[in-house]
Structures are given as structure tokens and as C-alpha cells.
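First the structure, in the form of C-alpha cells, and then the observations on it.
Labels for the chains are A, B, C, D and E, by order of writing; each one numbers its residues from 1.
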Amino acid sequence: MFIAKVIGNVVSTQKNARFRGMKLLLIQPYITKEGRLQISGSSVVAVDSVGAGVGECVLFTQGSSARLTPATKDAPVDAVIVGIIDAVEVEGAVLEKP
Amino acid sequence: MFIAKVIGNVVSTQKNARFRGMKLLLIQPYITKEGRLQISGSSVVAVDSVGAGVGECVLFTQGSSARLTPATKDAPVDAVIVGIIDAVEVEGAVLEKP
Amino acid sequence: MFIAKVIGNVVSTQKNARFRGMKLLLIQPYITKEGRLQISGSSVVAVDSVGAGVGECVLFTQGSSARLTPATKDAPVDAVIVGIIDAVEVEGAVLEKP
Amino acid sequence: MFIAKVIGNVVSTQKNARFRGMKLLLIQPYITKEGRLQISGSSVVAVDSVGAGVGECVLFTQGSSARLTPATKDAPVDAVIVGIIDAVEVEGAVLEKP
Amino acid sequence: MFIAKVIGNVVSTQKNARFRGMKLLLIQPYITKEGRLQISGSSVVAVDSVGAGVGECVLFTQGSSARLTPATKDAPVDAVIVGIIDAVEVEGAVLEKP
């Protein structure tokens, strides 16, 4: 899993039937580098399965495992938000969330 | 999933039998960066499952989940278009589509 | 899927039993960039499932979907050639094949 | 699998039900380069399945295989720690662990 | 699949039960570039399924397909050596092995 910040959302009307009712969030991955959380890599569109919203720091899962939440079961989905992050601790210190 | 623009198509006559009748589109991934949608990464060949066409902004799924649409079931396919994007919203603003 | 050119082959005698009789081709991925097909990324060893040969432009599939051809069923294979490409069209123009 | 060092942990209260009781560790991948173990790539959040702790050098598995430990069975998990590394040997020499 | 050279091994005592008896080799991927085999990308820890040893040039498989050898069945493994490479031929020439 990776850490990300929810930065927006994606609207699609003409889509696969399994996407009906799904909340599609745009998330920006973050990594820890030099003791801080820093932007890294490409923005991803992930299905929300935990009630996440814009501005929150989340944990997301990719690949076939993204289908193992109640919200995404058997759907053609390859990224899902599985948790809202309260804290990231590195070497005893709590990092500032983005 | 990632955001992409449909930029072309691929024609193949000699191919796996499961590809018969599939529309193979060439898509260019985009990511959000500095508040805009920007080209990122390699062009991908994806099967269309939602009636997408050249010039449209789409959502695509990769990996084993790409087989979970009616168009791609049990096929040796690792990328599929699952939605046509109406809007990408970042921090309250609707981004210009590529 | 991605576009690639078949550039060679790999010979292996001591190998997993499921690889017996498989044709292992070395392929170089290409992407579209600035209206042309350009080399991109690492060379890959892919199983041929469509009768492809050196010099041909092909379509290949990666990951678990690579096992869904008659040639690769249930084999420990993560890349397979699924089509020989006749043409790649971008914005109405047919690109020159590598 | 890749080599990593456990550098911290992630706390999440609002999460997928299958994550209850899981220990989420933040790990930094390392690769061998010029005869040494060096930091490489993005930090990853992995589930612990072997009793690993901060500061230890571990082996981790990604993708669907990450669900094949007792700790992660059927969970929407894409990274798991599967071993604590005692030694990495390259060309007869034991490398210094990070 | 990718080409790699076996450069070392990894020792782990405290590990997932399915790893008992597995030989964990450290491998360095190689790609073809400018008509030669060159180091590319991160070193990987792969399970040996064909009797490979340090110094040999091998073929390895990643992802869920890595579980489809007798040595790795149902194990939380994402990389496995599936063949020892005798020769890599590019445009009629046999490349020097690393």
C-alpha cells in the first residue's frame, strides 16, 4: 500500500455498469524522504471504500487486491482507498501530514 | 485507474482469437501536476469497453482487473477503458481536459 | 498492452517444464511520442502465441493475463505476444513501424 | 521480493474491516549497487506477518501474492513482510545491513 | 519475463512458513541496449526453481505467475527463476552474457 492525499475527484457518466455509485477520488501519492512526506509519482484515480474526502491523508491498495473491499467486489477496479491515516511515525517522530 | 486521452488505434489481423471484434485504442496517460492535466508516462494500448473514441478523455484500468468487463472477460488483456471522463475536479476547480 | 518490436530470442535448456516448446522472443517496447514510435523502457522476454518473428511489430500483454492464451495456460509466464500489428494510427496518420 | 528496512509505522482508525489488528509498517526498499545496499525507490506501507519491528532488515512481497500469508488472507492488501533478513551475500561477501 | 544475473543470496531464519526450504537468490536484471546486455533496474530477490547458482544468467517471472512453479505453489512469492539462459540472440548475433 502507499500513502496519498485526496486532491479531487473524477466525474464519469458513460462508464462500466459496475462503477455506478462508486466515488472516484483523485489521489496524489506521498513517500517519506529525508524525514518528511513528499509528493512522489503519478496521481491515481481510486475508488473510495472508507468515506474519505478531499484533503484527507489515506492508504490505498493497487492491483487485484483492490477488488477485495465490499465497494469494489468483482469490479474492473485497480486502485481503492482502504483507510484514512491518523498518523505516520518514522523513527519515533510523527510526520506532518500533507 | 488512471486518466488518459484516446490518441489513436491499433490494427492487428493476426492475433489471439479472443481479440476478435475488440476495439484496440492507443491512449496517452495524463496526471495532475501543478493544477493542470499533463502528459505522463508511456502510451498504452487498451481495449474499449464503453464506446470511447479518439480525442476523448477516459478512465482506464490495468492488470487482472482489466478482464472484468463484458468486453474483456477471460481474454489475455491487461488494459481496458472503463469510463469516459466528464470532468476532473481538483480543489474545487474543474481542470481543462486535454 | 504495449507495442513492441521483436529483436531476438532467448535459448534456455534447463528450465521449468511448462516452458518446453515455447518460443521465447526478446522484444523492445515502443511508445508514441511526438507523433512517432520511439523506443521506451526495458527489453522484455515474451512467449510467442501468434507466430511472430524477428523484425515484426507486435502487441504484448503482461501480468496474470499473459496466462490466458492457449500457448501459456497455467504456465509461470508474465509476458506474451498476442498480436502482430498491421498499423498504428494516431490522429488520422499511420505511423511508420520500427 | 525486495529487500527493505522498517523505518516506521502507519496508524489508521477508519479503515477497511479486514485491516483490524494488522500491523502496518512503513518500509524503505534497498537494492544492491556497487557492492552495497542502497536506498532505492518509494517507501511502501506493508502488513507485518512475521513479527518485524522498526530498524530491521526485511523481505517483502507485493501484488496478489501478498494475500497468501495467514495475516493477510483475502484482505485488500498488496504488500506484506514475509521474512526478517539475517544476511545478504553478494559474491561471497556479506553486505552491511542498513 | 526478464533476463538477470544471479549475484548473491539472502538468508532469513524468521520467515513465513511457506518459505522453508526455498533458495532465495539475489538477481540483477539486464536489458539489451545498443546491442549489448546492460544492467538495468533494481536487484530482485527471487526463488530458485531450476537449480540456478551465483554467476549464472537466468530468466525470471514476476507477479502472480511466480506462484505457478512446483517450488512456489500457493506461496507468498512474487518472483521466481524459471530458466537458465544458454544464449541471447539479437539480430543474428549471440550476445556476450554478463
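Basically, a residue touches a chain if its C-beta (ideal position, glycine included) is under 8 Å from a C-beta of that chain, and two chains touch if they have at least 3 such contacts.
Note that this is a predicted model, so its numbers are computed, not measured.
When the CA atoms of chain C are superposed on chain D, the rotation angle comes to 145 degrees (nearest 5). Once the centre of each chain is set as its mean CA position, chain B and chain C turn out to be 20 Å apart. Averaging C-alpha coordinates per chain places the centre of chain A 32 Å away from that of chain C.
Multi-chain contact residues of chain D (touching two or more other chains) are listed as 63-64, 66-67. The ring of chains, read from chain B with the first step to chain C, runs B, C, E, D, A.
By the touch criterion stated above, chain E contacts chain C in their complex at residues 1-3, 29, 31-33, 40-41, 49-51, 59, 61-69, 72, 80, 82-91. Chain D makes touch with chain A in their complex at residues 7-16, 18-19, 24, 26, 28, 42-46, 54, 63-64, 66-67, 74-79.
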